[in-house]
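So that you can tell them apart, the chains are marked A, B, C, D, E and F in the order they are listed, and the count of residues begins at 1 in each.
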């Protein structure tokens, strides 16, 4: 390939960016990403990007608006500096849960973000496990949508659990759980939720059977951990002999780890799409890295080779 | 209001358009919608639309491409004729099931349709029960997304069934079934599917209990009826005493009605978002009209009154 | 060239696509183009298109809306799969006759189609003998507009006709006929039409002289054949000794071939921009292939060589 | 109507603007349109346009680029000053003859102009007798395309000519001439041209008969007059007893009037879409005003009444 | 006016929004603007906005990215809820100082913000004292750009200072200072700066004379106060008898007020475009409210009356 | 590089284009740029541009509208002819002084021009010394903004002037003068202007000291020369021993050279961004060529090498 491959990192997940860079054996592009004294984000790309194939790695995890605008400003800088192609690498796509209106006069923030990223200058998106797959259609630029499922499945498989059941913590997670069930050849259980208002959900029943099983609670993300723990408790009350939580994105809002630590969940399996503070890395939390997956995907995009082959 | 309200009908569902027009007591706009001898669609709006608030009613049901292009051409005609505001009223939104890629190098046809309708001239969409709610976010113009749920719930309630269970025919339908369950205060069962390839699905299990119950199989649409009947047979084998199928959109592909007629399903409840041929109106098929719902929504849009209030 | 050249075929004219592919010695890209059971068009590109120079061949002949939407969906699939450049190869551009309003509140469908094809993802158009050359200006992407004139002229010349006159069947065809006349060094005659309404036209006079001549009735397309036959009869009544009809696009609406078979036209010369059913290939119909022309054009576009040189 | 109707005039045809204003009894909007000392065009709208229905009258006749940019700048000023709706009234649409490529690597300037006018801020176009009707389709905003034909026909009819023949000066003018022929119930003749290169054309024959007739040479515009005079001479050599030239747009390039004065054309009938210098108003030149037509069209647009009714 | 005027407030400056609302005697629109537990911004407009003329008040002051995204999400919500017209009222336009590149590969964040605000749904901008007036041209939607100058001038005039000199603290502020000088009929002095790097500036000289004068240091904003204080000290060293700082936007980064308190500046005159914490309201800081100015501007925009008249 | 580099010249500054071409040792692309007889601009690119990296050189100096439209038409031609990348090389960017509103209801013509150039087909801009640097942000395509400052500084330095002072002729020029002052290590003086109306300005004072110095009056352009001469006279009256005027763009409106010839300015240093007629090349006018600068920039853009390195 004659175009240069350049990788820049926002401040959203520097560790992941560095790991991808190491994996690819390509040093991170030199960029100053900072704040002016009044809090405005300051960006300068110091490496020349003219004609290059540029990847900007930035999950839009918390602080979400900060990380989002930082990404947008980096895209603007790369566009004006004549990058040939700019891929926004968004391992965790914030606002993905606002992908439809649940009440009148709400925004569809996930679509807004898609529009913002496009207008700022992205030519392509590389992301992992969107909360809703239809978000891919929010873009009119190509989206490479990776799945962490094989990664998590491999790790679960290596635990050699007997009598495993995959549990969807709510109706929306059934599809994902069903696929994992097929992959691991395990039965499925589904918790039914009641949502009196957003951010609040109560288990109101279960379909399927968990008695005597190790329940793998599978979701795309763990936010405050509250619903995950509530689910775990429900499962244990209903006879599960152990509960393991697995999720791609460790949002871990409101220092979720303290709650997880005290919970009856025995093991929490997540990836590093979102950086975790040291104090979150409690014993039961295990992090599988998506860096090899993203590195390989970047390389394949750069070389015009199939990306979909990666996550089959 | 000083702008004129004008309603035009494509040929997708003339009966529904007429019913809406009757309900509103506003005659349908005069339009010639036809084919040239070479099969190209010919449109001429004969009523003056200059400065008017125009509604074009056209479900994109089968023949879907025919109905879609006819809608696009009518939009183009209205736009060029200086309509002030043009609402595409799409009671059934075709291609809604292609709202995400399930394999690499697939289109996202539901998004393509959104782009086509917008570029052709629509300023607003009025639709009912989109297969996936995220399709609302495929548009950057306002979408009024009505729900037929209350309509169907009212009708089911009036059947005075005892021992009712709402059944989601697959994982994707759980959310809808759960809401209906809450509305009718009925328990929920979920069928689990295995899809070896698109358009083919096999029941591979159930969560929940239907023994001795009247099972209400709820989905957004009935296509060939095959999976619905398969589901019904499964439910009966598992002890259900009766199966009723309810769905907003009677797609009824491949003369589904002959299959439904011979099936053990006792009652099929649908709406008229899609027109049914006479021969489809077999005894067990009952059609609830969405005309009053659409008529009221059009009036509220025209008068700038809340539409969301309509389907709570 | 390092980008791959990939050719996909819609179902509009598979034979022509295959001939182009044979000519170029490049196999057609693997694609599934089909219908779901409910009639929606299903597309999956199976060949990887990432970074490739993609050509999608699809005339928008009858069934026009079917073929048009199929083209749009294929474009969407190629765009989302990261093709580098996508050329819509549209040998026959349907709706070209709706390129201007002839009555108020009509659409300009030819422009609508241009907008649709562009928004769906085409970066370039390759087409032949647009009904109106101004349609080229309906696009803001590059259009390579080939002419079949040299092809038809060569074939006519090889007939070694003496006393030939080129006849424009109506006022709009004068320009084309005049050019052919210059090319073949033959005189010109023009039929004058009266159009009481669209799709209906009556000959109301002629300028020029055809007595004792072989009249070559030249048009861009033959639709139902009705006006062509009417013209031929008029020419014979006015002393022409023979009438040959020549046109680029054999639309042949309403099984035109039965009418042509019984008509006094002795020879019908067309191209294969539109596929003809077996029964249309009656003795007097002769088809010149545009496959070599399109193959050469595709190659030149791919190699960034002049295309205009092709049809001088 | 509660929105104010405001008319501004560029410097392209102040007299026509004033006549329209007089006719409507609405004074022209106060605007400074001028040059800075370095030749840049200076515009300031002094009348408040906030929320108003604004019409900017400017034919893009010679000096065409000057008039075009002036129009664009006025549109920009009106847009930024929050006009509610802006109609570009372009009685003569310059560059209309560059509506298709006649050679490779030519621009399609007529489309470029459409794009420029739209991006500058026009919401609607009002124009008269576009050289090619397909230019209407170059726009995606509504175009009201008036015809001066009835105006010219009325005037010709009032001349009470006996033995009149309508002559199309070239192939492209046949359609227009044929319509006028029908309107005046007169026969048609067509001159055939040879164009060795752009701007040069030679008569190479005629179809039809003019002997003993008054020939009405009808075109959409008269440029240098050269081809018109050449045509007139040809007609007289072929037996016409008198030649009258009629055209909507008196482009009159290269002081065409001196040539027309010395020509055998007895009468030149034009409109005032383009302003003529005093010296052009020689005896044989007669100007019919389009001011009443434009005034009425503006009023109808403002009042949302049908414009097409105007020129039937 | 028949459209409803609705004012919503983001959380950027609730006090100012309330003051504008009080002034207009129109209660603020009911809206929930909040955070989800994971930090994503949650918005729901509870007042119906269908067909309304909506104003969303939100300065993009610190926390700038938070306030910016909140504004964008509110715009998206209003757009999707069918507001007729949406004005983003941005009393302080953050990122305005990034309106041009000062080094290669920098973003032009002020333009990026303009693009974001437009794509999110704003139809119009209302703002005050943009750092660079050219930012108005970053938008293609109308911008009403108010000036606080008259407000500040009135207040300064009322101080009845004798021997006043207006001082531009750097080269870029000369224009603003010169206008204020004309308005107050006072002489001008200019400080010359040296900027070794962004955010750092040193006074390297002065043109003009301040000896024995009360120096009014005029700028559009006071950031950390550092350069203002540096300038004040320079002026006092050069003989000024007193220094008053006046600026529209009290950015007051890094608790600037503690620095201002200890500085030799006797009086700091600002407006309330940016909210100040209680502790910033030290004795020498005086806040003039722009609420009356914004309220009047909103009313005039709503009523289609001239806004420019307001700040002459 | 495998793409061809092609340079075309408009008629705005053929000499400069030729000099760039010579410098690059690449012949100018063959293009016919002319007028039709009616004054419309006629363009045909005769060199094939398919897939090429095209540069179109055209300053939009007087006749500004003529040159601007010519540039737009050339861009349209190149775009439609399938150029791969099109850079508009605009050494002098006309309308740059209309980059903000100075009165209500004015256009922002500099932004309009940016929109026009983009819509016509430019993918990138290469320009020199924009009157206002924020104009760079008017574009969303990359802008390479060169500075002639080093060129002028080198020439001034070579004059070995002792006792030099750099003079900003008005407030807006302070920034530029300050930078030149730093570069040449010379003090700064600033003239204060009063502008009763556009195009008129009076010196109303000076800050700084010029007595006994050679004053270098530095501006981005010299228009009529009136204000420059007025400034020079003021400087001499205030003790300057000599005045040299230096500016990038010799607009020289209204035969400014006659006025400059008679003025007390001893030397006028400009560049060749704008072509000067022979009669303007009076003794005291010295022209430094930007051809080497532009040639090098074009080469670097073509080779994807840093351009900013050029003017540091």
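Odds and ends about this structure:
As a convention for this text, contacts are C-beta pairs under 8 Å (C-beta built on N, C-alpha and C of every residue); 3 or more make two chains touch, one makes a residue touch a chain.
Remember, predicted model here, so these are calculated numbers, not experimental data.
Touch-path distance (fewest steps) from chain B to chain F is 2. Chain centres here are C-alpha means, and the one lying farthest from chain D is A.
At the far end from chain F, in terms of centres built from Cα atoms, lies B. Under half of the residue numbers at the interface between copies chain D and chain E are found on both sides, making the touching surfaces mostly different.
With rounding to the nearest 5, the Cα superposition of chain B on chain E corresponds to a rotation angle of 120 degrees.
For this pair, chain A with chain F, the centres built from the Cα atoms lie 50 Å apart.
Centre-to-centre separation between chain A and chain B, using Cα means, comes to 33 Å.
Residue positions 48, 80-81, 101, 103-105, 108, 111, 115, 140, 306-307 of chain F are each in touch with at least two other chains.
Pairs of chains in mutual contact: A-B, A-C, A-E, A-F, B-C, B-D, B-E, C-D, C-F, D-E, D-F, E-F.
Listing the residues of chain F that touch chain E in their complex gives 99-101, 103-105, 108, 110-111, 115, 132-138, 140, 145, 171-172, 174-175, 178, 182, 187-190, 192-194, 205-208, 306-308. Chain D contributes residues 48, 50-52, 79-82, 84 to its touches with chain E in the complex. Taken in their complex, chain B has these residues touching chain C: 36-46, 48-49, 62-66, 68-70, 72-74, 76-78, 80-81, 94-95, 97-98, 101, 103-109, 111-112, 115-116, 119-120, 198-199, 223-224, 251, 253-254.
The part of chain D that touches chain B in the complex is made up of residues 124, 140, 142-143, 301, 304-307.
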